[in-house]
Structure formats: structure tokens, C-alpha cells
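Note that the chains take the letters A, B, C, D and E in the order they are written out, and that residue 1 is the start of every chain.
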């Protein structure tokens, strides 16, 4: 039997992030080829250069954070075609051990403190939700903007007591500097979705490939949920490739605290036939936050860039549906 | 114009000018001192050179973690990052300046029986001044070009932080505003330096 | 008294050099031992050294240090060569033609204050993951010094050489190629040395764009996972390669001005 | 025919914002194949005159004709030997001599042959591959002269060509130049500070006055040289001891002295 | 007493890895208040000899005594006027002249007065606040001489001090130097390439031979100058026309010529 020619698809992600693990697993398992795809990966250190690179068609599809997903739509017409996972627990406000203790006895001790965070990110979003939860206004604390690496340096050397981080930086700081999560986005009542994205014109030209991409992605989660121990081994390998080494316990925590979805759930979350979908609500809230930071001028309606068209294509095609739901 | 990133444009410019000026002053005064000592004394040169030459290519960005660890999140850490970049041209040019003083002048000083301190004051330093000022111009440039890196250290105000945030927001117009402000401020400070230069070297008029 | 004339013989020079290195390393040990800097952020020199050696064979972030260095060096070379290939002829042209000079100078005199890494967003927008991005950033760092030094060198070329060449019937191209260029080589090389340093430094910025390999990328990753020994290994690698590039350029200079007595 | 005609030539410069006349109205003709030397106080405009003939400077008023054609710019028909020899330090002796030939249309063999001839004429054999810094001042000057001669220019312009040489080398070069000039005469304009050199070399000596540079006097040497048979002496010091020589020298010295009162004050 | 004694002095240099003897065994004494000129082919070691007296170079063998004390290093008792004037470009005329006085113990008024005296002696009035680059070559050289004279050294060392001047300025400076030397004699060692200058200025002329530099001959000038009454003429060209002068000049020329055979080849 002659192999059908493979279609190339350019996939972008950020290394050593939980939601990117399915790309790695699918490659190890050689699932792309089964659907006639030949993936070509490019990786970016952060969401911003990633979506900026779409301007030069450096990639076709990929995964990213919800903030860059919104920015990607506003600047470059990037569409969100699915939710990679629930990142709410993966974005959190951390404190050094002493500060965490003080906070535990009196949350109001946060008032007047300096919080270092990466401005206009999902981490920022989670921190804002936490402030709200404890009845603090943005002006009750001093916010300093810096990159995740600088935050880690500042907190672990005692130059900052509070910081907004996302996984796996959270684990690094917990493990190597004894910092404590004092409030995650989840605790703050914020929902932080991760986004699966596609370039607007690629989606128009190659809808079939986009559907196949989603099918592969969902099969990978399906398999990992069914085979945790092997999944952890893969995760370790994947993280190390990205220069991250965290403990097995932290890796387990990744699965425990950051739910992912199967095809049926995805369809439900993205379903906007009865008004705003669940995902629309999440993204509208993120976009409103971004407007408040000045990153965007107006809040785009979520249903302009969120689409379940490709999820539906997967569901409608028997082969793809079975592929996506295959846990082996 | 409307504010962006926690402040009005003039506040950002002011903050950056303060940072650049401080970094520039610290690095150039120390750099000139070291450069002159190295130029005047071969032992000091041999002592310092290997370390200097190895540390020199390390980008200011790479010093950020250490700057945070040592100096915290305030202005001093930012100044240190600028210092690292602006120090190098000050040293190299002062060194070259001292070495460029030609034998006839050195020998004339010797023949006229001048003491060591006076030799530094009357011959070495004025003789090296043209190079020292070239070094200062380059240091000033380095101070400005390191601003973006320096303001990665938890800045709330400053042109570097505007550039960082505009990059984060993928806002090319704002990036250009930042770049143009940097370019104009740098150019203006160079003009000031040129004034100082012609004041310090009346014989070059 | 005539401090400049002090001459060190070989022994003295080795002695003072090793004393310099030794006191640097002792100072480093002292800082760690006295806990002036948390060990997490400043490991002992020998620990860094062993990590450095380790990284040469064991991959970190997917690649060994050699591979990181190689990919950094490749990007650097493209950007640096481009800066030289454009900067040198342009500088010569500016020296020869008032018009070119007046056209380019104002633009150039202001843009040189803009940080090379400030171009990163444009690099990402224009070139995406292509090699063009890092090249743009390195180029922005490396270009000004080559251009300035070539120009400065060329305008200070003794007029007598230009006049002699014109007397002998040489026109614009030959004036640039056979007179201005060779006469400004020392200045050009000095510019290239500064360029190489700045270009190499801009690399870390450039490697923020394409996160897959490179010394800068390795250091960013090391920092994010609080592995200071990896960051410092990167610093050492960058320092040593910078030193190597400088030595090579100085050799090139010696070769290029072989016609002078040394 | 390659005479040099100064036709009411003036040249002024801006200095410190003010125009000042460096060379005031010069009318003079250097005849074909004549050797004319110019002497005059420092700053009187000798070099400016020569540079105008070379085309490196243009007259503010008047014009300069070389062989009936007005000078518009530099060209290999009027070769210059500068005071600082202006050899290209980055080129070998051979490459220096060949520089001007490059832009001429002739076969490579011909270029090689011309170069070789001048190398041996100037006694530079064996030094073809040497760089200028490896040569003594006298040899460098011979390369500079060869570089000019190889173009076979009709006009040779020399601006204190021996000024940088030591006294002994200088006399050797002067004797060589006299030999060349008598054997293969060209139209030569020669600037010097040395009255002895001017009298020894030239057919006529032009004495210029200080600012604005004007022609003060023109002294005929050739008739006396031929009458007194200077050329029968091969050594300059023998010529310099002759009475006819001493007289001409003193005459020119006195003319110069009148100019130099107040020099540099 | 400030005589200069060369006691079996040799000086060698490393060049291209090899030692070579630049100055071979020199034995000679410049007497107190005597004016000695040195002539010799280029590279024969004249400058090296003078630099050894100045203490800027040390003999490889032998020793140099100035006023019975061995020379160990430079000092204001032996003032040097270099060929390149070596003025400090960043100091005014006045500051340059005062430079050497700074380390001397005398009142400021006295320093001012000495400086003012030399300024006017050298005809520099009005230029006290000028920087060297604003002066002509001749004026710069006068500043360099004033800077040396103001120290009232017992020994004056001059290395082709007029080499860079044009002929007219040069004669003015030569006449001034003669006037100074006769009025206020010092021990002077004077290097020149000009035989005329040596004969005109010196009490004795030393002719050196080429490598290794040795003393070829010493010619007494003073007795003849005094006998023939040269000093009664105030103008150099009048002296140069005298038979006694021409004879001495030719004698020295011939000695030099012998050296310069094969020069530069």
C-alpha cells in the first residue's frame, strides 16, 4: 500500500509548557502522519513574538495563552479554534515564605506591598482577580512590571515578596526558593483558558488540515489521561528539552490542577448557539482586562474570533471523531 | 498627548534621562580613572586586562539577574546595567588616549624636570582628553542603548519601559514614539557633551 | 616619572597578569564563602567551570553548549558580515561624497541611540522565525560602529593620497577601493572590533525571538529555572568567544597592514 | 607643444570668514620644454600656483592653459611630484609606479615594460616588491618621480620634491634630475626653498613676493649656465663654487630678503 | 663648569631581532660654553648621541659626564630643543614656557618675570595666550627655544631645531641664535644637516661617519671666525660670501661626500 503524500503544517508553541505537551506526545506517537500531516514546529519564548511571527506566515496553527490569543486577533486576525486546557490554577500570586505566613494570618497585610509581575499577561490577570477577592484595589499595591525570569531572580533573592507567575515557573520558585502560592486565578474566581489558534487566511484555505490538527491534539490528551505514568515520563522528557527540570510531584500537580477537555466537552464550552458560549464569556473577561491595562483600545466581541467550526468538522467526520476520542 | 504605561511622555523621558545620566556619570568617571591608570602603568594594565577583556563581551542583559540580586529593584540595579555597558568605551578610550601621547611630549616633560603628580595633571590627562571625549560619546550612546535592558528591571516609568510594554502590546506606533524620543534625547545629550568638550579643550578650537 | 615608558619584561608581565586573574578568582571565592551573595546566584568558580565542561557534552534545553554556541555564532556571523558589507562601502562613500554624507548622517546620528533589542518586535513582525530577525537585531548593534569608524577613518585619510590618485587619473571607484579603503583599514578594523562586541551582545536580544537554541536562549532558560551555573557558563562562553573574535580581528589587522613596519 | 600659460590668474581663499587674495594677478608663460623654478617666502602662493596648473585648485579669476587647452581638472598629462612623496604605503614600488597606467588603454605587456624601464632608469632594480616604508627617503622620492615619469606627461610639476631629504641625498637627487632634464627635456615647474637648488636646476627662476603672491622678478639662468659651461662639472659643489653661480645666488637671495622682513610676526 | 664628556660611549639597538651598533666608541669633549655642531649622514647616530646627553637614552657601554657628574636621566640642567618642537598643544605659549619653572623653587613673581623676559627676547609679545597650533612654524620653534632657555640650563641640546623652517625664517632664527650665543654663551650641542648652518653657528664642527657612528673629523671654526671677523657682519649671506667661509664649507662638504657614496642604495 503506497503511503499518501503528507501535507506540511506549521505549528507554533512555547517550549516546556503543559498545554504544549500534546504536540510532543503526538509526535512521539507518530499520530500526525496517520492523518496525513507533516508537522513543522517552531517555538517561541513567549506569546507575543509568537503571534507577531504570524505576520510573516511563520506558522499556520498552534497553541498559546489567552492574552496573546486576543491580541493576535486584534492585531493579525488570528482565530481561536479551541481551548487547550484550563490554566486557572497555572497562573498565581506567589509569596516568599515569610510573606506567605503573614498573608495567611492576615490577607490585608498585602496592602501597600510591591507585587512583581509580567504586565498584561495571564499572570497579571490572575493577580488582579486575587486582589479583587481580598477587596483590594489596584492602587492599594505597588505593581512592578518585569519578565518571568527577572521575577524569579527578584523573589528568590528576597528583593521582592510577592509575584505573579505561571507554570512551570511557579514550580521552579516553589521548589528552589520555598515560595508559596497564596492565591491562584482559580482561587480568585478568574477563568484562564489556554487557546488553540489558527492564522485567519490559513483557516480559510485549509479547513480540513485545521480539523485534523484539533483531532490529533485531543487524542493526545485522551491518551495521557488514560496513561498517566507514561505521560509523566514524556512530560519529563519534554520539559527537559525546554530547559526545565521540576520534581515528579510538580509534574503530577500539572495534571491534577489543570484540566483538559475531550471533544464533547470542547463542543459544549464553545457552543454559542444559545447566546454567548462559556468560552465567549471567559475571553470577553480577558479582553476587558487587556483594555484596562491599555494593551488594546476596544474589547472585541469574543464570537468574532472564537469559532467552533473546526471542532464541529471533527465531530462530523467519523474518522476524525474516532481518532480524537481514541485513548490508545 | 495621552499617557501610556503609567505616565505622560515627558515623565518617561525625565525618568530615562535621570537613569542614563546617572549610569553615564558613574561609568565614565570610573572608566576614565581605570583607563588612565592602565595607560600610565603597564603593571596595572597587565593586572586588569585579562579580566577586563573577558568580561567585556558579556551583554548587559546577562547582568540583569545579578543586578537584581545585588541591588534589588530600584534605580541602582538599573544604573548598574547601564554602567556595565558604558564603562567599556570609557576605559578603552582613556587608555588609548594616554598611550597616544607621543614620545616628544613625554620626553619634553621629562627634560623639563616635572614631578609625577604634575605629570598626570599637566601632560597625561590633557594629552588624553581628545580620546577621553570620544570615549564619553560612545559611553553616552551605550547608556542609551542599554536603557531598554535596564528598564527590564521592574520599571514603571521610562522610555525603555515604554519600548518594553509597546513590544508586549505589539504596538508599532508606540514603539516608534519610544524610539524617536530616545533618538532625540540621545542627540540632545550629545550636543551638551560637545559643548563640554569644546570648553574643556580650548586649544582645539 | 615617565610612567609610560615603564617596560615590563616577559616574566613581570606574566606575573602581573596571573596576579590579576588570581585576585579576581579569590575575590569571587571570598564573595561566595562569606555569603555576600547567595550561593544560588553566585556559585563557586569551580562549580561553574565543571558545569561549563558538563554542558559541552550534556544537552541543556535540547542541545549541548557546542550546539548553542554554533547556532549563536552562525547568526552572529550573518549579521556582522552584513553590517561590514554595507557599513564599509557606505562609510567610504560618505567620506567621498558630500551629498551621501548629508543624506545619511542626521538619520544615522539619531538612530544609533536606539537599543538593538528595541528592534526585536519589528524583527518578529517582518521576519517571523526566519534568520532575518536575529540578523536585523545584530545588524542594528553592529552597523553604527563600522559605519562611523570607516567614515571617520576615511575623512582623515591624508588628502595627499587622494590628490596623487586623482593626478594619476583615478576616478570615484578606484579612489574608494584603492585609496580610501586601504588607508582607513586601521580605523575600519577598530570599528569592526567594537561592532563585533556590540553585535555579539545584541545576540541575546536576538535570541529572545527564536527560542530554540543559542547561548542567549540557554541563559534565559537557565535564569528562569534558577540555574545560575548555567547562566554563568553562558557568560563565560560569550566572554571567551568575544575574546576570540577580537583576537581574530586583531590578527586580520596585522595582516592587512603588513606593509607598515610593526 | 606643452607650454603653460598663466593668463591673469588670481586665487583667493576664505580664512576666518574673510576672503583674502593668496595669488594676485599672475601673467607668465613657461615655454615648451623649459625648466622654471619658483622661489619665494613661505605662504606667498607657490604651491597654490602649481596646484592650479595641476587642476587640483581652480583660479578665482583668469585661466591657465596647458598646450592651448584650459585646465579643468587633474589629469595624467600633467604629472605632479609632491613635497611629501605621497606614495601609497599599501602598494609596492611596482604597484605605485603602475597606478597611473591602470586607467590607460594599453596592453598589459606594454605596461609591464614601461614600468620595468622606469624602475631601472631610477636605479630601483631589486626593490620592485618592496613597500615604501622599507625604502630610504631618497629612494622613495625616486619612486615618486618614476610614478610621474611613467605616464610620459608633457608637463612635470614638482613641489619641493627634495625638501624632506637630508643634504647628502638631496645633492645626489639634484644631480640625477639635472641629468634627466638635460637628456629628456620636459616642461617643468619646480618649487623650492633652496636658492642654490633653483639656480642649479632651472632655465629661469621666478621670484615671488609675499601676499598677495605676485611675480617679483624673473632671472634668466640658462644663458649664463651655457656660457660658463656649468654642465661640464658633474658635481654640484664644483658648480656652487663658481663665481657666476655665487653671483646669481646672491642676487636672488637679496630679492628674497627684501620680502622676508617681518616674516612670521 | 658644564663641559660634556663622551667617555668611550657606545650604543646599540635591537632591530629585527639583531643587535646592531648605532653609535660606536665615541670619545669627545664639548668644553664649557663651547658651541659644537654635529653633521653627518642620515642615520649615523647624531640624534642618539644627543639623546644620551639628555638622559633620554643610556649608553650601552661607556658613560657621559656633564660637569663631572655622570648622566643618569633627564633633567632641567640640560635643556633640549627637539626637531619636532614638542610643544604641549594643550598649553598656551606662556604655559609652555612656564612649564619647566613649575617644579623650581622661586617666587611666582620671579617666574612671571623670567617668562615675560623670554617672551619678549623671542619676539613673542602679544602671543602669550595663543595656542601652538595658532602659530607659524618659526614662532613655534621660538617658543620651544624659550621653554629651554627660561630654565637657564648650563647645557643646551638642539636637534635640527630649524629643520622644519622655510629658508627665510631659518636665516632669521640663525642670526638670532648667533646673537644669543655670543652675548650669553652656553655649552651647546647642535645637530644639523646644513653645512652652512654648522659653519656659521659653531665653534667646532664634528663630522660623523656612517654606521656605526664614529667621529670622522673635528674642524675648528672659532679661530678662523675671529681672525676673519665674521661677527662684524650682521647678515648671514654676507658671511656666506666670504672666502674663508666658502673654504670651510667646501672642506666639510667633501668630508661628507665621502660618507655618502652609496647612500640610499
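Here are a few things to note about the model shown:
As a working rule, a contact is a pair of C-beta atoms (placed from the backbone, for glycine too) under 8 Å apart; a residue touches a chain by one contact, two chains touch by 3 or more.
What you are looking at is a predicted structure, and each value in this text was computed from that prediction instead of being measured.
Any chain bridging chain A and chain D, meaning touching each of them, is among C; the list is complete.
The chains in contact with chain A as well as with chain C are B.
Averaging the CA coordinates per chain and comparing them to the mean over all protein CA atoms picks out C as nearest.
Across the structure, the highest number of inter-chain C-beta contacts is found for B-C.
Mean C-alpha position of chain B lies 47 Å from that of chain E.
Centroids built from CA atoms put chain E at 32 Å from chain D.
In chain A, the residues touching two or more other chains are 48, 52, 149, 153, 157. The set of chain B residues touching two or more other chains comprises 65, 69, 107, 109-110, 114-115, 167, 170. Interface note: chains touch in the pairs A-B, A-C, B-C, B-E, C-D, D-E. Across the complex, chain C meets chain B through its residues 1-8, 12-13, 16-17, 19-21, 23-24, 37-38, 41-42, 109-118, 120-122, 125, 141, 144, 194, 197, 200-205, 216, 219, 223, 228, 231, 234-236, 238-243, 245-246. Note for the complex: chain C touches chain A at residues 38, 40-41, 60-62, 120-121, 124-130, 208-212, 217-218, 220-226. Residue ranges on chain B touching chain C, taken from their complex, read 39-43, 46-51, 53-62, 65-66, 69-70, 85, 88-89, 98-99, 101, 106-107, 109-110, 114-116, 119, 124, 138, 141, 144-149, 160, 163, 166-167, 170, 172, 175, 178-179, 182-187, 190. On chain D, the positions that touch chain E within their shared complex are 41-42, 123, 136-139, 166-169, 172, 193-195, 237, 241, 246, 250, 253-254, 256-257, 259-260, 263-265. Interface of chain B with chain E (complex): residues 104-105, 107-115, 118, 122-123, 126-127, 129, 201-203, 205.
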